[in-house]
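Before I ask anything, let me first share the structure, which is written out below as structure tokens.
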Amino acid sequence: MDTKDLAEKGLKLRKDMVGAAAVEQRMNTLGEFGEPLQHIINAYAYGDIWSRPGLSLGVKSLAMIAMMAAANRRAELRVHLKGALKNGCTPEEIREVLLLVALYCGIPAANEAHRAAVDVLSEGKAI
Amino acid sequence: MDTKDLAEKGLKLRKDMVGAAAVEQRMNTLGEFGEPLQHIINAYAYGDIWSRPGLSLGVKSLAMIAMMAAANRRAELRVHLKGALKNGCTPEEIREVLLLVALYCGIPAANEAHRAAVDVLSEGKAI
Amino acid sequence: MDTKDLAEKGLKLRKDMVGAAAVEQRMNTLGEFGEPLQHIINAYAYGDIWSRPGLSLGVKSLAMIAMMAAANRRAELRVHLKGALKNGCTPEEIREVLLLVALYCGIPAANEAHRAAVDVLSEGKAI
Amino acid sequence: MDTKDLAEKGLKLRKDMVGAAAVEQRMNTLGEFGEPLQHIINAYAYGDIWSRPGLSLGVKSLAMIAMMAAANRRAELRVHLKGALKNGCTPEEIREVLLLVALYCGIPAANEAHRAAVDVLSEGKAI
Amino acid sequence: MDTKDLAEKGLKLRKDMVGAAAVEQRMNTLGEFGEPLQHIINAYAYGDIWSRPGLSLGVKSLAMIAMMAAANRRAELRVHLKGALKNGCTPEEIREVLLLVALYCGIPAANEAHRAAVDVLSEGKAI
Amino acid sequence: MDTKDLAEKGLKLRKDMVGAAAVEQRMNTLGEFGEPLQHIINAYAYGDIWSRPGLSLGVKSLAMIAMMAAANRRAELRVHLKGALKNGCTPEEIREVLLLVALYCGIPAANEAHRAAVDVLSEGKAI
């Protein structure tokens, strides 16, 4: 597939998962300087990896939450907490992942992730 | 529940998931010095968190693989790759998680996790 | 010991170290969603590990500061800087740990930890 | 060389690279408590390592940006983005490093570093 | 560009930088399971990012060394130490980057990276 | 103080703590390439920071163990486990630190550190 088509296909899925307004705001903030990174995100992350079959979007989102909590990447954690709700995960499923984070990455990682989750879940009225 | 009962309950699940021989070897290696840590693992990790309902053991295993690859913890990654197979995950599902690792934690994290996965999957004849 | 008693015992020590108001605010913020994590903190962290003899609370606090600076966990670092003062550590002792952080985890880790320490120490009138 | 002379020599280079006002503000914020750390920064980092010949200041700055993005150290990343401009790096050169960050440390690391870069480059009118 | 062409173009550059035999051994070790990851490396990392103009391959290699030392990724560090020599970096330039690692990521990161560098440089007869 | 004297003073303390043979072997392995790093270790780490009064060598060692376990730096962790014994720490004190690691940095960090500790303590006949 041509990489431009891959980027378009990915951008569509990304907007579905994260929300069109949020995606556009991000792309605008970084402007021309950010175009190659946006291409990586749209084409390679969403157009290729997220679009692959073999694992449901919901389970992918739960794996992303685990990963971002472990890697101490707060801004991205929030994106994928929202994405998890969009992809049909329940607050309980998200919490079970964060409790594994507590035991296997430590309490501080779980603490920060819980705060982010409570924020995102309240905004989305999920709790 | 009494913490001793919690530890016993957890040890049972841990042996189911990781294999009784592997668990006993680990507990023996660390001897008396390692007893409080083994209590944490048996009672708090397996007796409490892993035993909670709300998310299947298979999805928990996939989240663990994501977390351990992100956190650069190779020995534990292998344990949970084996656990994932025991908990019914397919090689393909494991791979989809590792491809998210590549994009969101970087190629070197995915490279190491792929090597571990190929080792564990070959031993288990899963590939 | 029953895990409920462990949690109660731990909550008492936690409030002694971190301050009752701060602990209650935290528990309220996370609400029902946060209850299993609060149980981990109260029962397993404070009720079990922090309550063990064998190392003074002050030295445990210094080890926590080292760990949280290394692990890049700022919110938790502040909690344990306050806990260190409560547990009788002097500003000088805290600084000696942060200078080891500078050499062994790098200047940026020490910079952030110094900023947090100066904040916490000024609030507590310790400097 | 006497360590006091090393610190003076380093402080001069540090002020050249980071700006005298920014350096003084930092040293004042941390006060007496921060003096040993400032000595490490002035004497050992700037007086010794940054002053060594063998690699241009510009390439050192690009390596610093790579390192700070990888290590998730945002405040220090901003310092060295500014330093990179002062040391003659172009926005394009900085971006190429951040794209390597995307592939080898993951998209979230590159995202945060892009946001910091766009901020710093706009302030400096470089973009 | 079609992603297959991107992967081919990238594979060529990758073999130039890392050595054809080493690349083929890696691709064989991971087998069919590793194909999507190899596509990420060939097409997205080497075909896209490494192939971009705007920064010399040598400086990119030095940034990679900084990043891999910071991120504690030893196997990948060795790959890029070899790549740095291939891309024309001198042992002295590599060392200057590793000394920045010592001050900004801590002595243990620099220690491990020095050991890897001395190994790779001796094999390549560069020291 | 002249930096050469600082390095000599530090080297003496380093050999006391880590063992003269081990230090010399390390310095030889890295040869001329490693001289600036050895200067950082001898002069800045041991000559300056480790030599400062204000915190006992034993407590500094315990903080180092916490830090190295958190930072996932295994080789350096072993060095400082040995140093802790030399500085008068007991196996029990070391274990209490590692149990904090389990709760605050996660079980895998504590697992690896326990394995290293059991090795080092057996060699030193401390357990």
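Think of it as A, B, C, D, E and F in the order they're written, each chain with its own count starting at 1.
Operating definition for what follows: a residue touches a chain if its C-beta (ideal position, glycine included) is under 8 Å from a C-beta of that chain, and two chains touch if they have at least 3 such contacts.
Computed from a predicted model, the values in this text were never measured in an experiment.
Participant: Between chain B and chain F, how many steps is the shortest route if every step has to go to a touching chain?
Facilitator: Contact-graph shortest path, chain B to chain F, evaluates to 1.
Participant: What's the rotation angle, in degrees and to the nearest 5, for a C-alpha fit of chain B onto chain D?
Facilitator: Best-fit rotation on C-alpha atoms: 180 degrees.
Participant: Any idea whether A-F or E-F has more C-beta pairs in contact?
Facilitator: E-F is joined by more C-beta pairs in contact.
Participant: Do chain C and chain F, two copies of one chain sequence, contact each other through the same residue numbers, with over half in common, or through different ones?
Facilitator: Here the answer is same, because the shared fraction of interface numbers exceeds one half.
Participant: Just curious, how far off is chain D from chain A if you go by their C-alpha centres, in Å?
Facilitator: Those two chain centres are 30 Å apart.
Participant: State, to the nearest whole Å, the distance from the C-alpha centre of chain D to the C-alpha centre of chain E.
Facilitator: Distance between chain centres: 23 Å.
Participant: How far is the middle of chain B from the middle of chain C, if each middle is the mean of its Cα atoms, in Å?
Facilitator: The separation of the two C-alpha centroids amounts to 28 Å.
Participant: Where does chain F touch two or more other chains at once, residue-wise?
Facilitator: Chain F, residues with two or more chain partners: 36, 40, 44-45, 52, 68, 71-72, 76, 95, 99, 102-109.
Participant: Which word fits the touch map of the chains here: line, ring, star, complete or other?
Facilitator: The chain contacts form a complete graph, every chain touching every other.
Participant: Which of the residues in chain B end up touching chain F in this complex?
Facilitator: Per the touch definition, chain B meets chain F at residues 29-34, 36-37, 40-41, 45, 68, 71-73, 75-76.
Participant: What part of chain C is in contact with chain D in the complex they form?
Facilitator: Residue list for chain C touching chain D: 72, 91, 95, 98-99, 102-103, 106-112, 114-115, 117-118, 121, 127.
Participant: Can you tell me which positions in chain D touch chain F when the two form their complex?
Facilitator: For chain D paired with chain F, touching residues are 1-3, 6, 36, 40, 44, 48, 52.
Participant: Hey, which residues of chain B end up touching chain D in the complex?
Facilitator: 103-109
Participant: Help me check something: in the complex, which residues belonging to chain E touch chain D?
Facilitator: Chain E residues touching chain D: 44-45, 49, 52, 54-55, 59-60, 62-71, 76, 92-93, 95-97, 99-105.
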